[in-house]
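The same chain A turns up in both complexes below, where it pairs with chain B and then with chain C.
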Partner chain A sequence: MTTWRRHLYHLLLWLIALVFFAPVAWIILSSFKTANQILAVPPVWIFRPTLANYVRVLSDPGMVHSFINSIVLSVTSVLIAVAVAFLAAFSFSRFKPPGTNFLMFLLLSIRMLPGSAAILPVYLMYVGFGWKDSYWALILFYAMFSIPFSVWILKGFIDGVSPRFDETGRVNGASWLSIIAKLIFPQVLPGVIAALIFNFIFVWNEFLFDYIIGGPHTTNVPTALSTGLYSGGGVDWTFVSCVTTLYILPPIVIVYVFQRYLLVGMTFGTVRGEV
Partner chain B sequence: MSAILFEAVAKSYRARPAIRDLTLEIADQSLTVFCGPPAAGKSVLFRLLVGLEQPDRGRILIDGRDIAADSAADRRIGYVPQSFALFPHMSVYANIAYPLRQQGVAAAEIDRRVGQAAEILRIKPLLQKKPSQLSGGEKQRAAIARGTLKDARIFILDDPLVGLDFKLRESLMEDLKDMRATLGATFLYATSDSLEALTMAEQLVVMDQGGVVEAGPVERLYHQPAMLRSAALIGFPRCNLIQGEVTRGVCQTPLGGFATGAPDGDVTAAIRPEHIVYAPQDVRALPGRVTLMENLGAECVVYAEYEGVAVVSVPESDRVANLDVGSAYPFLVDQAGIAIFDRQSGHRIGEAQHG
Partner chain C sequence: MRLASKASSPPRRRQSFTEFLGRREVMPFLLLVPVLIFFIIWNTIPTLWLLGLSFYRFSLTSGRPPIFAGFYNFDSILNDSAVWLGLSRTFLFVILAVGIETVLGLLLGLLFWGSQKLPGRRVALTLLFTPMVLTPVASGTFWRLIYDPTFGILGSIFRGLGLPSLNFLGDAHLAFGAVLLVDIWMWTPFMVLMTLAALASVPKAELEAAEIDQLSWWQRLRLVILYHGKFILMLGILLRTIDAFKTMDLIYDMTFGGPGSTTEVIAITLYRRAFEDFTMGWSSALAVILLLISIAFTATFIFVLHSRDRKQASLAEEGA
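Up next is the complex of A and B:
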């Protein structure tokens, strides 16, 4: 009886999970269909998969360029952000400058604004500096936008590492940089990976800022997707589904590989025990 | 020659004094145990000496040289902190070797010395493990090995045996004495356990409330304490402290009167438990009553009560085997063991005159 109920329960969980997955499944299936099959009513379940959509997208130099942009922008800005955030978090955690709590709040405040509000002053600034459509300017912005959250995650992790480790390093003549790199960093690696992934997903899917302060050179895939959405007088479904399918692959692989770190990251490291 | 000299050292945290104008001299090559209740300032004093903190006032000299400008690393002090702080991502071997690697010692030499220390501390089979795979006592051994391995003339062990069970403490105390014999350096050792202090110490420093109550050889501090606080803090079971009053050469206490050379005034008489003698046959004995008994094996700690005064004594177990809580406990006070302290200042002002 109880096993029977448990099976039923699991079946229910699977059904709910499948409902959540349905849009993704629709996109992935559609990418292998022709335009007519995608729009058919009732939906076509059994069809002969075609790779024509992929051939079309991958032979479009503009699209390939956007993919490269997405990778360059997200990887570079996230690495910079986490490196800077790590040092900041270490300083906040260890030296506790006066007003640490307020500073930490202030850091996060930019993330409390809706992007559509933050974009106005940023746009004016970027136009004023002549930074529109520049890789470095966009990377700078994404890094700046990613740092606050990273500092929060990493400070939680570093707080969980006893300062006795630093002291053992200091007594034995280690420099601060060596203490950070060799003694603290390995202990908070799960937090670093969590911060990397969270920020990567954010920058990877970022549309608004790339659209407004980027330009033809720095178009990433979300922007390319939205500008290429309409062609030939309607929504280009094969294009959308194919680009989207390609685009969700990297985050899925990364999240799958590092999922245990992500779970640790959700707890902000604050549940770690004292050594 | 003194290895270490603290000169009027003071340190506060957020206006709360942790060390108050502390002056202390520590002899070269000595084993000095710092004993005192938690938050007496032992750890803070060590952190100042190691260089993890700077004193607000005063000077610290090592071999006659002010070390204020030296960084923690330059002071070349071996330090075993209160928590083990073993790096969880490194093997036990890498942990122990860390100070030597930082000092740039050659790999073969590191290997030899880590092996030697692991031998003494009996952790050789554990060297390739990670700290998380070690038990509490093994972690402590690894931490001690790491702290005592580097080239240093001063070693500081901040309560390294805290939280260990009795048997482990005993064997680690033996190990530590072995280590010290091999190293021949100045050892500073903190503990809040007065029994551990008595077992380990040659020189004893009794600390309380950020200052030194009294310092000296352990035998003198135990038998001839100059301060009431050190009589109270050192020894297990605790010293009996009996309120009394001296008038014209006689000290009156609830346990009777006795002659003394101390001047008139309110006093506290300190009587070690071993000087409260169980005397069932003696007609002069005071009729106490047992309130609690703790059998330690050969000896038994008997808490008795007489005229509202609690007294602790340690008779041999077999002599009190038939007693229980509530039993009559006739006892005598051995007048050879009574020290008299001024109640106000806490200074020793005399003792019972006997004979």
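Up next is the complex of A and C:
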């Protein structure tokens, strides 16, 4: 390839990336505008950026509460899920207890169900037991929902570690727990990271479950966004764009920092490789 | 003497509890206990509850206890034109979305194949992959502003080009397409990712051999690239199909299934009946039907996965 052709090729690739990012860029740009500028016809491209929206969002106790909820719900549930999934994946991978394939199948089918169908029975159960709007009930449900993909990802990684490590450990008198913690865990750390970040993004973005089985105490940001939109007639676009910008930053940073785990995460470990 | 000899023979040491737990027959199940607890409380019990309720007439708002109704709910669903419309709309959505995303993703993926030397590649890929990790509620909300007939940027662009400004989400003829476009924007990057993974799985030696044999571009794609990459692509298409079938947040936030019911996919139909009308018996029956469809999808996915593993195993044997 001649130099200018290569430049043209690279320019084209960047243009494609920018086209996909353009709507996001528009959201971010809007968060620095005043209400009139956001709704201006024709759209305003050059303006003096204002931080007033951010001040307003960060001083809104309801919104700050929702942000804290989002963080608490996603971090706690994902940590629980990956810990539980790790033990199960180790068992499935090493001992292959009877019913392994069936259980792996059932686990996966939980995640293949449309959200409204998945939440309906849990909703009935939570109403029956009076578990609605409780942190633990929501965290444990999110954890349950994060377990399937975590088990799939981690089993794939543990399968890749030779059982000879375990045998060596056993011969030298190590207990199973120390084998798991000291021999296996360090080697499958990439899988653990993939499971953590992928499920974090899922819970972070989740709206329906929080809306249905949560309540005023456990409202996360997506629920707050979708239910609080129509207060006072119209949509408060400056507020929405600002909340959205703050909220989508963590996933974007994760895609940048953990780019090589993205493939494993999005395919729950069934496809691996460098992209 | 006898007694003494018996006493002096080493007694069977009592197994300590931790030793018992560490035994090969116990350990595997012990490790599974936490996952099984989660599974039973949050999946098995609710699912059984759902199955049971699907045979009852029960509305949360009526305050009356459930009445056993046999297959009444299923019968009612199968004769409900709204359900059939919702299902066919969902399948149309899935076919169009996944089809377009696959073709576009394949093309863009091939284009990005040689991008190893792209300046700022990591940033560019981050920008490209961002749509699929965004909060669907957030992107749905914002696309509503973009589509807005008076304030939206898309309307401005249309007016600038001298075209009539359209009410994309409010027009019964346009809403479905407008929603579809957002899904394509959101998920084409996933198919690009899968294409890149498929391309990375093609052995370099075979590509060089194809170069030497002077195969045409189309032959290379068909005989070399698709031959090796087809399983990854297939898994990608299947995952996208399952995911598109589940789509709800994004559409619900843009149109609430409207105007009329032109964008009401089956997940929204269920949501409406369950959480707006509270007809729990009927909704449970519909959820059971969706559960069966999802199990069929999962089984297909696992079948493809296993056929890939079998093929890799047989290739490894040939190699050895």
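Convention: the second predicted complex is superposed on the first by the 256 of 275 C-alpha atoms of A that agree within 3 Å, B and C clash if a C-alpha of one lies under 4 Å from a C-alpha of the other, contacts with A are read in each partner's own complex, and residues count from 1 in each chain.
To be clear about the criterion, a residue touches a chain if its C-beta (ideal position, glycine included) is under 8 Å from a C-beta of that chain, and two chains touch if they have at least 3 such contacts.
This one's a predicted model, so the numbers in the text were calculated from it and none came from an experiment.
Novice: For A:F95, select first, second, both or neither according to whether it touches chain B, chain C, the two together, or no partner.
Specialist: After superposition on chain A, A:F95 lies in contact with chain C alone.
Novice: Does the superposition put A:M144 against chain B (first), chain C (second), both, or neither?
Specialist: So A:M144 only meets chain C here.
Novice: In the superposed model, does chain B or chain C contact more residues of chain A?
Specialist: Ranking chain B and chain C by residues of chain A touched puts C first.
Novice: With both complexes overlaid on chain A, does A:R164 touch chain B (first), chain C (second), both or neither?
Specialist: First partner only.
Novice: Touching A:L79, do we find chain B (first), chain C (second), both, or neither?
Specialist: neither
Novice: If you stack the two complexes on chain A, which partner ends up touching A:I28: first (chain B), second (chain C), both, or neither?
Specialist: neither
Novice: So, does A:Y256 touch the first partner chain B, the second partner chain C, both, or neither?
Specialist: After superposing on A, A:Y256 lies in contact with chain C but is clear of chain B.
Novice: Mind working out whether A:G173 is in touch with chain B, chain C, both or neither, as first, second, both or neither?
Specialist: It touches chain B, and chain C stays clear.
Novice: Using the superposition on chain A described above, determine whether A:P121 touches chain B (first), chain C (second), both, or neither.
Specialist: Once the two structures are laid over each other on A, A:P121 reaches chain C alone.
Novice: Between chain B (first) and chain C (second), which, if any, makes contact with A:A17: first, second, both or neither?
Specialist: In the superposition, A:A17 contacts chain C only.
Novice: What is the shared patch of chain A, the residues that chain B and chain C both contact?
Specialist: Correct list for chain A: 274-275.
Novice: Could you list, by residue number, the parts of chain A that touch chain B in their complex?
Specialist: 162, 164-165, 167-168, 170-174, 183, 186-187, 274-275
Novice: What part of chain A is in contact with chain C in the complex they form?
Specialist: Those in contact with chain C are residues 6, 9-10, 12-14, 16-18, 20-21, 23-24, 26-27, 30, 38-43, 83-85, 87-88, 90-91, 94-97, 105-110, 112-117, 120-125, 127, 140-141, 143-144, 147, 151, 175-176, 201, 204-205, 207-208, 212, 221-223, 225-226, 229, 235, 237, 240-241, 244, 247-248, 251-252, 254-256, 259, 262-263, 266-267, 270-271, 273-275.
Novice: Mind pulling up the chain B residues that touch chain A in the complex?
Specialist: 50-52, 71-74, 77, 79, 81-89, 98-99, 102-103, 146, 150
Novice: Could you please specify the touching residues of chain C with respect to chain A in the complex?
Specialist: 18, 22, 24, 27-29, 31-32, 34-35, 38-39, 41-43, 45-47, 49-50, 53, 60, 108, 111-112, 114-115, 117-120, 122-139, 141-146, 150-151, 153, 156, 159-160, 185, 188-190, 193-194, 196-197, 200-201, 232, 235-236, 239, 242, 245-246, 248-249, 253, 266-268, 270-271, 274-275, 280, 283-284, 286-287, 290-291, 294-295, 297-299, 301-302, 305
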